[in-house]
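Chain naming follows the written order as A, B, C and D, and within any one chain the residues start at number 1.
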Amino acid sequence: MNLDHLNHSTKDAFVAALGDIFEHSPWIAEAAFAKRPFASLAALHAAMLGAVHDASVERQIDLIKAHPDLAGKAARAGALTADSTTEQGSAGLDRLSEAAFAAFHRLNDAYRGRFGFPFVICARRHGKESILRQFEQRLGNDHEEEVEAALVEIADITALRLDQRVEAPERLAVHGRLSTHVLDTQAGQPAAGVAIELYELDGDAARLVTRAVTNADGRTDRPLIAGRPVPIARYELRFQVAAYFAGRGVELADPPFLDVVPLRFAVAEPEGHYHVPLLVTPWSYSTYRGS
Amino acid sequence: MNLDHLNHSTKDAFVAALGDIFEHSPWIAEAAFAKRPFASLAALHAAMLGAVHDASVERQIDLIKAHPDLAGKAARAGALTADSTTEQGSAGLDRLSEAAFAAFHRLNDAYRGRFGFPFVICARRHGKESILRQFEQRLGNDHEEEVEAALVEIADITALRLDQRVEAPERLAVHGRLSTHVLDTQAGQPAAGVAIELYELDGDAARLVTRAVTNADGRTDRPLIAGRPVPIARYELRFQVAAYFAGRGVELADPPFLDVVPLRFAVAEPEGHYHVPLLVTPWSYSTYRGS
Amino acid sequence: MNLDHLNHSTKDAFVAALGDIFEHSPWIAEAAFAKRPFASLAALHAAMLGAVHDASVERQIDLIKAHPDLAGKAARAGALTADSTTEQGSAGLDRLSEAAFAAFHRLNDAYRGRFGFPFVICARRHGKESILRQFEQRLGNDHEEEVEAALVEIADITALRLDQRVEAPERLAVHGRLSTHVLDTQAGQPAAGVAIELYELDGDAARLVTRAVTNADGRTDRPLIAGRPVPIARYELRFQVAAYFAGRGVELADPPFLDVVPLRFAVAEPEGHYHVPLLVTPWSYSTYRGS
Amino acid sequence: MNLDHLNHSTKDAFVAALGDIFEHSPWIAEAAFAKRPFASLAALHAAMLGAVHDASVERQIDLIKAHPDLAGKAARAGALTADSTTEQGSAGLDRLSEAAFAAFHRLNDAYRGRFGFPFVICARRHGKESILRQFEQRLGNDHEEEVEAALVEIADITALRLDQRVEAPERLAVHGRLSTHVLDTQAGQPAAGVAIELYELDGDAARLVTRAVTNADGRTDRPLIAGRPVPIARYELRFQVAAYFAGRGVELADPPFLDVVPLRFAVAEPEGHYHVPLLVTPWSYSTYRGS
């Protein structure tokens, strides 16, 4: 589906295409239809947000209520919309321990008890730890602040949904990026063939996000994360340094002083560019946030 | 007990004092007694090793056989000598998982089956992983090589025992050292008050070795390990970097880009000096093997 | 002038266009004309080199003799071809001290005395110091080696001339590149607005090659050197670090610990990529050869 | 001469020994004599400063006037006291260019014209550039501030003179220190045998302060500067890196990427400890202010 097509479609087709961008709330697509044509995805999204803005507070709260609990009964029963399923899964909420489920359950209850609607957050911008921190911080808001906060999250959620759904010359969402490269400062050249793993940390546990191997330029062929927000979370990059140097014929201590080098860092800006390189010899290394 | 006193004691007292330096083999102290006086601990140790060297191969093998299995039945039954208990404990052999016990059991059996005597290693120079590697490597030796290897280990074991037992102007054993310091390259000064933990790694597990806090010079008041060999093992230093910078009033990202910085490295020379510093800003760090 | 045009031109026009690619030797263009059409600049150059290769040794030596002395009488009298003038100037041979002129004079005489032809070198691939080193090394060659060496240089010279003269879909010459970037590891971001100077060093003297200021990405808008060989020479990059940090409002010592940071390095491969970055705080910096 | 001896000497001997600690002003030693005995050099110096403090403003100004111009007629005529000669020489004022002499002459005249007494500064704490900056800053003071500033300088001058003249269990002056070490992060060990030069920079000129060679620990046997203030100045350390790596048999590019590595920095606290190390491979290096 592309923007041009939407600009020329009937109302029924338009609402059929975009009615679920806002969770269970096709009235927003209906209202936006009147503002056609849209010069850009951003204009389309603005029109939809305008409909929300112009609605009564009651209707805004109904919009919030249309969202499911995080890691709630509907999620466990497999009764979420496709988008919500993907979004909650991106933050790892589909594979919680029982203890973590219980923690979400308690927070969901406390939140609903306080505000009368479910906790809404743009899950694709967060890791699990970050969602829990947000949950606790927002429990301290008053009612009006929290309605505002939920609508901001809905704007983020729907921007990402629209961006994935509709082709357009310019993307709507500003995406983040996480990348690395490895420089062999012993040889003064890019380190090619270094195996790399990226983990997202959660307490003491580590969930593998992706694997890659450096190319002739010491970089990975694709960024480790790109084309989506980089979830606010703690990460660990692990570089197979001893295997690389051994492969080059460098004599190493036994066991080698450096073997798997871990770089542990956190992302605070999901739309930021995080370049986390490794400069390494068999006896030293350094890293920094580059761009 | 000091060297001067030993030089002037009776044979009975001498053997009472040193008879167990070589495991269950007081004949070595008896033989060394004849060489008194000793100008140094090194001379005393050389005399004892001379007695071993001059003994028949059968008696040398009896000496090897006088040693207990590593993590064997005697160890589990609490029937080791005090020295052996401490030594096996230093390598963590007193707190093995059932799987690890089973692995040692298999290796002990295989080794005894091949050589007819127990596997002897200077446990204070090794971590558990290193002992297992040595076990497997030495299983590939022929009988003569392995008698030689065991006697070398016994020389190391007894040097450390003698060094602890007898006061003398010069120490016998060359000890290793593991140290660190933290430099705040954002402020251009030593980082004071940084909490540090040193772990020994074993597979995916990490055993706390020691904790320390940096002083005004960015160093720890004492080396992290000193006055003994640094066991051949993998280590991880963890530095509480975000807490340090927050304490200095530096504004950090939320979550901070660097929080706990892990430096992972291995020691291959137990008698070497390993200085593993951290140069750090809130956005970068480097480390190297210094001295 | 483009390759397609040359492929369709008359012999006279072809030789008029390319007759001086090989110094004072239009016979080479004439010979190459017969091989038209050329699929690429590389094919054209190969045809010209083929004509040299197929010529008698006498004619090859005449080709060598058609070249002027380096920093010789013709150069001082302004009697060089335009190409030679530019090329000798690129290595700084047009602004030598009297002492340096005298050195070149002596070497030219020694070389002519030994080989009977002038010293030919692709000056655009070298700085002055490197030319002098080459001069002395090649004086040790025998006659046959030296004819060969001179023809290799002529191939390099003419590849660069052809590449500049004729437009074609693919460039003939592999060019080098010298670039930098500045990362502020105190702030964890690219250092924008840093004034940079690049000098070529010659003994204790430093000749300004170019100036640049870092952009928002901490890079220069264009590489410091690109689209040509990076002369084999020693270089110094100078970064106005104190001015940068002061501009960001960072409190500095008086005088600042780091003010102008010099990075001094040499280029050995004129066709290589040299990326020489600066990672800097007010109290520390590092650099490396990147790519 | 030692403190104990001074505590037991006659007034004549005491004044003969210390009468010139304050330039041409033996009355200060005479006044201090009454306060004997002195428990420390610091107590002796405090007594002398007390005599200055208790004196009338006229006498204080006479004390200031007793000092020579910096790089003035007396200096050029060789008519300074021995202490002043050494002190002015330590800042390089005895080897000024004519232009620099002229600059000092103008400033001396301007200063005397404004305040009626000569500019006094503790020259051993400054390099030439720093003295000129101080000169210009202090020309902006009012008369009272400047008397105060001159007396502070006299306190510094006399502390250093007393510290050199009199032996005592504790030194009076807090001295600075400038040191370095070189770590070979390619080999993971201290770089031994690296030739180092320390220069003080003055405009574009560089004056050699000292030479050293690293020992087996990668350090110099003695600090580069110790036992005296480190003059406020810009410095350059030069490390013969290519010679070191070539000596170790490391294959280098031709010319080597790194040959002489310059580290350029400034000292702002003459009594501070400046440790400026070099961590280096043939293709990378870093430095920082350590301690």
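Simple rule for what comes next: a contact is a pair of C-beta atoms (placed from the backbone, for glycine too) under 8 Å apart; a residue touches a chain by one contact, two chains touch by 3 or more.
Quick caveat, the model's predicted, so the values are computed rather than measured.
> Once the contact rule is applied, which chains count as partners of both chain A and chain D?
B, C
> Among the chains here, which has the CA centroid at the largest distance from chain D's centroid?
A
> Which integer distance in Å separates the CA centroid of chain B from that of chain D?
So the centre of chain B lies 48 Å away from the centre of chain D.
> Could you grab the centroid distance between chain B and chain C? Build each centroid from C-alpha atoms only and quote it in angstrom.
58
> Hunt down the residues of chain B that sit against at least two other chains at once, touch-wise.
Residue numbers touching two or more other chains: 185, 188-189, 257, 279, 283-284, 286, 288-289.
> Looking at the complex, which residues from chain D come into contact with chain B?
183, 185, 188-190, 217-218, 279, 286, 288-291
> Per the contact definition, I'd like the list of chain D residues that touch chain A in the complex.
Residue list for chain D touching chain A: 185-189, 257, 279, 281-284, 286.
> Enumerate the contact residues on chain A facing chain B in the complex.
My answer: residues 130, 232, 234, 253-262, 264-266, 268-269, 279, 283-289.
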